[in-house]
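Below are two complexes that have chain A in common, paired first with chain B and then with chain C.
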Partner chain A sequence: MAKRTMSAVLGTMLLAASLLSSGATGAATNTAQADPLNSPMWDYNRQIFLGQMPWQFDARVQVSAPPFAEDPTQVPITVDASALGSEIDKVIAWADFNPIQHIFTWYPGDKVKPRVSLRIKVQQATPVRAAVLTRDGVWHVGGVQLEAAGGGCTAPSTGNADPYWESHLGEVASRRFGSEGSSRYRFKVIHPMDTGLVNNIPEFFLEQLELRDSAGEAVVKMQLYPPVSENPVFTFDLSNSTGQHQLWLRDNSGNEFEQAL
Partner chain B sequence: MLRPTVRSWMLSLAGLGLSLASLCTAAQTFDYQLAPQQIAPGTWVLQGKMQDFSRKNGGNIVNTGFVVTEQGVVVFDTGPSHRYGKALRAAIAKITDQPIVHVLNSHHHPDHFLGNQAFADSTIWALPGTGQKIAQQGGAFADNMYRLVGDWMRDTDVQLPHKPLEMDTLTLGSHRFRFYPMTGHSGADLLMLDESTGVLFASDMVFYQRALTTPHTPGLDVWQQDMARIEAIPYRQLVPGHGPIVQDRAATAQMQDYLAWLDSTFRSAAEQGLSMIELMAMPLPGRFAEIRLSRAEFARSVVHLYPRYEDAAF
Partner chain C sequence: MSKFGRGTGFAITALVAGMSVAGMSWAGVTDKDILNDQMTTDDVVSNGLGPKGQRFSPLKRVNTDTVKDLRPVWSFSFGGEKQRGQESQPMVKDGVMYVTGSYSRVFAIDVKTGDELWQYDARLPDGIMPCCDVINRGVALFGDLVIFGSLDAKLIALNAKTGKVVWKKKVADYKAGYSLTAAPLLVNGKVITGVSGGEFGVVGKVEAYDAKTGKLAWSRPTVEGHMGYIWKDGKKTENGISGGAPGKTWPGDLWKTGGAAPWLGGTYDPDVNLLFFGTGNPAPWNSHLRPGDNLFSSSRLAINPDTGKIVWHFQTTPNDGWDYDGVNEVVSFDYKANGKTIKAAGTADRNGFFYVLNRENGEFIRGFPFVDEITWAKGLDKNGRPIYSEAHRPGNPAASANGKKGTSIRAVPSFLGGKNWMPVSYSKDSGLFYVPSNEWAMDIWNEPVSYKKGAAYLGAGFTIKSLNEDYIGVLRAIDPKTGEEKWRYKNYAPLWGGVLSTAGNLVFMGNPEGYLMAFDAKTGEMKYKFNTGSGIVGSPITWEMGGEQYISVVSGWGGAVPLWGGEVAKRIKHLNQGGSVWTFKLPES
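This part shows the complex of A and B:
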């Protein structure tokens, strides 16, 4: 019951916020484009994440999710902007109705395909969005509606009940698939990824991820936020990077983790 | 002049309100229309719809059953709601005056025990693990059922099983029941063979023509081992937890086929490095595509089980 009331209050607040902000116009060229997911949070989040820059809804940015969040603490998503080509500066993903909306910001670079898979937490049914900034200065926005029973962000991590993570924090399990040059990395990192929204459990999450080549250059550079799932599993596809790679992560407590993949 | 007008206006409004209210009630009567089907001497089954929970079906997606003996009635599973439990009890009362002596909950999933309140004056039995799981998770299951099927759930609360089932057999009148505790579907699954009729109430260890669900399976390997044990049970008819009753081995064969396929598909996907989303998009073999809800349940199973296969492949 408390949960329902909380989300109702939150919903009202967010609605009020979006009503207030809808007065301020966004990018002048785009105001005619209605949100295909018809979310009252669209204008509000767009201004937070994209500011006043030009944007457009674009089917070339594909966000995939299952029809229903079977486990709201572990919802698989894939963001794929391959159809936009390689001229990509930045990808931002968020969930409209999460209490913490921001999922990640990613700077793909030209040695990795602009496609990533991971799992996220959702608090209720929500659009999941990805906005992709191309080098011409335009944001391309895709998204998908995810149905959910809810509670993913305010459920304690399983690590909270099981001390396994304490002795395994930051451990990485990984595997490289495919041939040199065009290959896929999948890896899992042990981390509770606590949101700070559960009583007496402060936020504790990985906030920086870099995949570095043998020269130390970051092939993947990503900022993470608490909606990324506990013990996150990532999938990246390298398009143009050979040799060995090193995974580097840092959490919001300053712990650094490094692992040769 | 004014007063009577206002009053008659209000009266007619009230009348309108009443007729609207009765219209609404007529549209949704919350009647499960349970029709027990006799499948063997003294043995009736109530077959649920091969669907997912919805506000239309009120959660009646499950098979329940009962056996009438000379010394009382044994009920196997009580359905998804208090309303269902009461309807089941009324259906039994139309068939026999015998008292309901024993009630069994096959496992802790909500469609199998949330009708318990209607049988609180009988002895409700469940495996010890089932009782613990209902105590831990029953409330959350009930909440979720209210969300999924709405007012059908009215007045439904968790009624815990009264006693842990630890006996191997139970004799009531001329019927002798043998119990098989297993774990493959939910961690604590009870099967009941009526040795006098050869009817096996297989609980959700067996689904037929309706895709199996995996949220609490200890592992597909465990379930497959249990299936081999079920194959060895000398039954003449099998009542699956969901789907039509069979007189042959078709249901268990379909289970074995699907479980083996699921296991090998997840394993090879993990070895190829597929993400969950890629795995969910995989085409299902034609023989499974015709099973109800196979696509949706496959996607759910990916979330439940694929992380174990990923861990093994890392």
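This part shows the complex of A and C:
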């Protein structure tokens, strides 16, 4: 941990230096910063997800996962960027060694804490990353190494063997918890979340998620990708606990689901 | 959706907006493009090469002299293990081909290179119940949308550039046996579809949806007694009971599960502003359970596209007892008689008769057999109603000793029909209909049956027999004015693909043996054949690009024949499955 913090600080300094000296894009200078998880996929994925924008490893972006993925199709992870404050534009999460790396892109907005928990699939032991874009245009990257026996992405969904989902697709079970001036939503959605990597089962996954307040305004906006687990479970913390909320989901087949929480 | 589906993960709207297919301009398909499709040779934007369904092209660069040099330019594989019957007709617009595959898949292909641009795979529930293979017959195009019907009875509109779902509507409940296999029809901004499911006691219907939004515009049941609806300003309004009232031509409650599924889709003629949809068999197959004409089963319906009302109907097989669906395409054509232009429609029925109707009012002009043998009827009366041969109707099981099986009889044609789904072509140049037909018989008997949701509702057993050792399929050139057969081509296996005729004096069609074939339209002489590697059960198209004429056809053996083949199975069991689209042109001179 200490090492990561050190390199994060170093990165910030390098970034600051480069901005001062030339005003050029920071990405080039950041390559000096070694990946604390030492992954051969880091540079490749960074270019895909962060492009040419300035970035830094930042211990304030916490990604937590169990030490070992007991069930690689249902791995609980939490991304917490609370330490960065509220000036957050978006959050992207990915798993380096998944055949489909992208897990989600999230636009937290002002009415939700920058903390989310959900379950994902992993194909093998992999770094799980979260990159948080703050409004000053810098990506802050955190991550954790997840150990796993693997196979989560190319195993057929249980929905493939059991037609239960066909008559319960998009059903939502939800709970609301009060906690210290905020309100926590946890919900589970019935959906196979097929990756398209299993023979003869096309990809079929929830693609958009919105949590809307009573005025219909989205307080949570998230794009999802096939590594999100089957029958996914999400936890969000709302800053403003009053009022009713509505969950809206759409999958890549154009099915839309709406549920009052 | 693959390929473009997952980008670098920004907002979907941005993803879609940022996507462009290199080097292609997209004008969007308009109602006018669709109405003029037959004459605009640089695209194919309707099923049937024009809403009249004539499947005739004025192109003639490929003709009886040059066709011998026809060469494949590219072949595109649908991939996967889902190589079942491929009955699609491709569409082409602005350099992109849109074609469907088995299992509700859609592909967009660069026609210059054969490269895939995108692919959409519907995630189908395991519980789908298509009676006769997991096929699809093609898309409709409108604006920047690609619209098709899925096997779980949904209408799905995809963005033509990205393959992303724009809207999706449930047309009917797949768990009750409904599915969609036909290409939707696009008329005046509405997408019009029927439903499949006549083997499961569904209630057939034709529905119109706003093509841009997917909002339901009207719904017209095709079984007498069911209420139709129209939506005005979002309000659902009663729009008249089909046939006026229940029970006029059905006994008891049987109209509630009457079938009559318009599963093959329809055609449209702007001259008379009518949609023409054929309807399937009444349910169940056992006709003794439903004395009466059983309207509007085994019929042709003319429906006003604006109001959703039935303007006229013509029933080809009243009280059908042989599974003679009347779904076959109604092809509008004009001809001169006594100096007058007759607005006619030609249609070749599963029951073995070819009908010429007045398409303005549905009046019977003439009818004649287009197959060599018909046993179930002795002929047609002056109104076109069959004169039944009662000895060739399967016997009533209630009259049998144990009440379990009625007398088995031999009927010709078989239930798969003198002609099945495969569409005919009408050539303006020759004035002939080119009819893909089959010569086969069946043994059929009736059994007691009762309706159960989602279960086969037949009340019949059957098996197919061939009539000739050397052929089943016959492609016929027929003069609709006289009923005269001008020529025939005989095929060993049953024919199951559509026909295309061109101003190059050619008739194209494929066979289950895998060949794309071209015939002299006047003499029937075979001028060309090329083996595509699997059986052809789709419909060929032709268009031009850069001054060259192209011909495309899908290849992939399947459909109803291998599932229901009976004694015929031995003629086809060696045919291998496939899933590809082939494109041909002449070598550059």
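The criterion applied here is as follows: the second predicted complex is superposed on the first by the 231 of 261 C-alpha atoms of A that agree within 3 Å, B and C clash if a C-alpha of one lies under 4 Å from a C-alpha of the other, contacts with A are read in each partner's own complex, and residues count from 1 in each chain.
We take it that a contact is a pair of C-beta atoms (placed from the backbone, for glycine too) under 8 Å apart; a residue touches a chain by one contact, two chains touch by 3 or more.
Bear in mind that the values here come from a model prediction, so they are computed numbers and not experimental data.
Peer 1: Which term applies to chain B and chain C once both are placed on chain A by superposition, clash or fit?
Peer 2: fit
Peer 1: Going by the contact rule set out at the top, does A:Q52 touch chain B (first), chain C (second), both, or neither?
Peer 2: It touches nothing on chain B or chain C.
Peer 1: Of the two partner chains, chain B (first) and chain C (second), which one does A:E203 touch, if any: first, second, both, or neither?
Peer 2: Only chain C; A:E203 stays clear of chain B.
Peer 1: Looking at the overlay, does A:P66 come into contact with chain B only (first), chain C only (second), both, or neither?
Peer 2: first
Peer 1: After lining up the shared chain so the two structures overlap, which partner does A:R186 touch, if you call chain B first and chain C second: first, second, both or neither?
Peer 2: first
Peer 1: Look at A:S117 in the shared chain and tell me whether it touches chain B only, chain C only, both, or neither; answer first, second, both or neither.
Peer 2: Touch partner of A:S117: chain B, not chain C.
Peer 1: After superposition on the shared chain, which partner residues are touched by A:P76: those of chain B (first), chain C (second), both, or neither?
Peer 2: A:P76 contacts chain B only, not chain C.
Peer 1: Have a look at where A:I100 lands relative to chain B and chain C in the superposition and call it first, second, both or neither.
Peer 2: In the superposition, A:I100 contacts chain C only.
Peer 1: Give one of first, second, both or neither to describe whether A:I92 is in contact with chain B, with chain C, with both, or with none.
Peer 2: Once the two structures are laid over each other on A, A:I92 reaches chain C alone.
Peer 1: Once both structures are overlaid on their shared chain, how near does any Cα of chain B get to a Cα of chain C? Whole angstrom is fine.
Peer 2: 23
Peer 1: For the complex, give me every residue of chain B touching chain A.
Peer 2: That would be residues 144, 147, 215, 272-273, 275-278, 280-281, 296, 299-300, 302-304, 307, 310-311, 313-314 of chain B.
Peer 1: List the residues on chain C that touch chain A in their complex, please.
Peer 2: 1-2, 5-6, 8-12, 80-82, 105, 121-123, 125-127, 156, 164-168
Peer 1: Spell out the part of chain A that touches chain C in their complex, as residue ranges.
Peer 2: Touch list, chain A to chain C: 48-49, 51, 92, 100, 102, 105, 163, 166, 192, 194, 196, 199-204, 207-208, 223, 225, 252-255.
Peer 1: Chain B touches which residues of chain A in the complex?
Peer 2: It is residues 64-68, 70-71, 74, 76-78, 117, 119, 149, 173-175, 177-178, 184, 186-188, 233, 235 of chain A that touch chain B.
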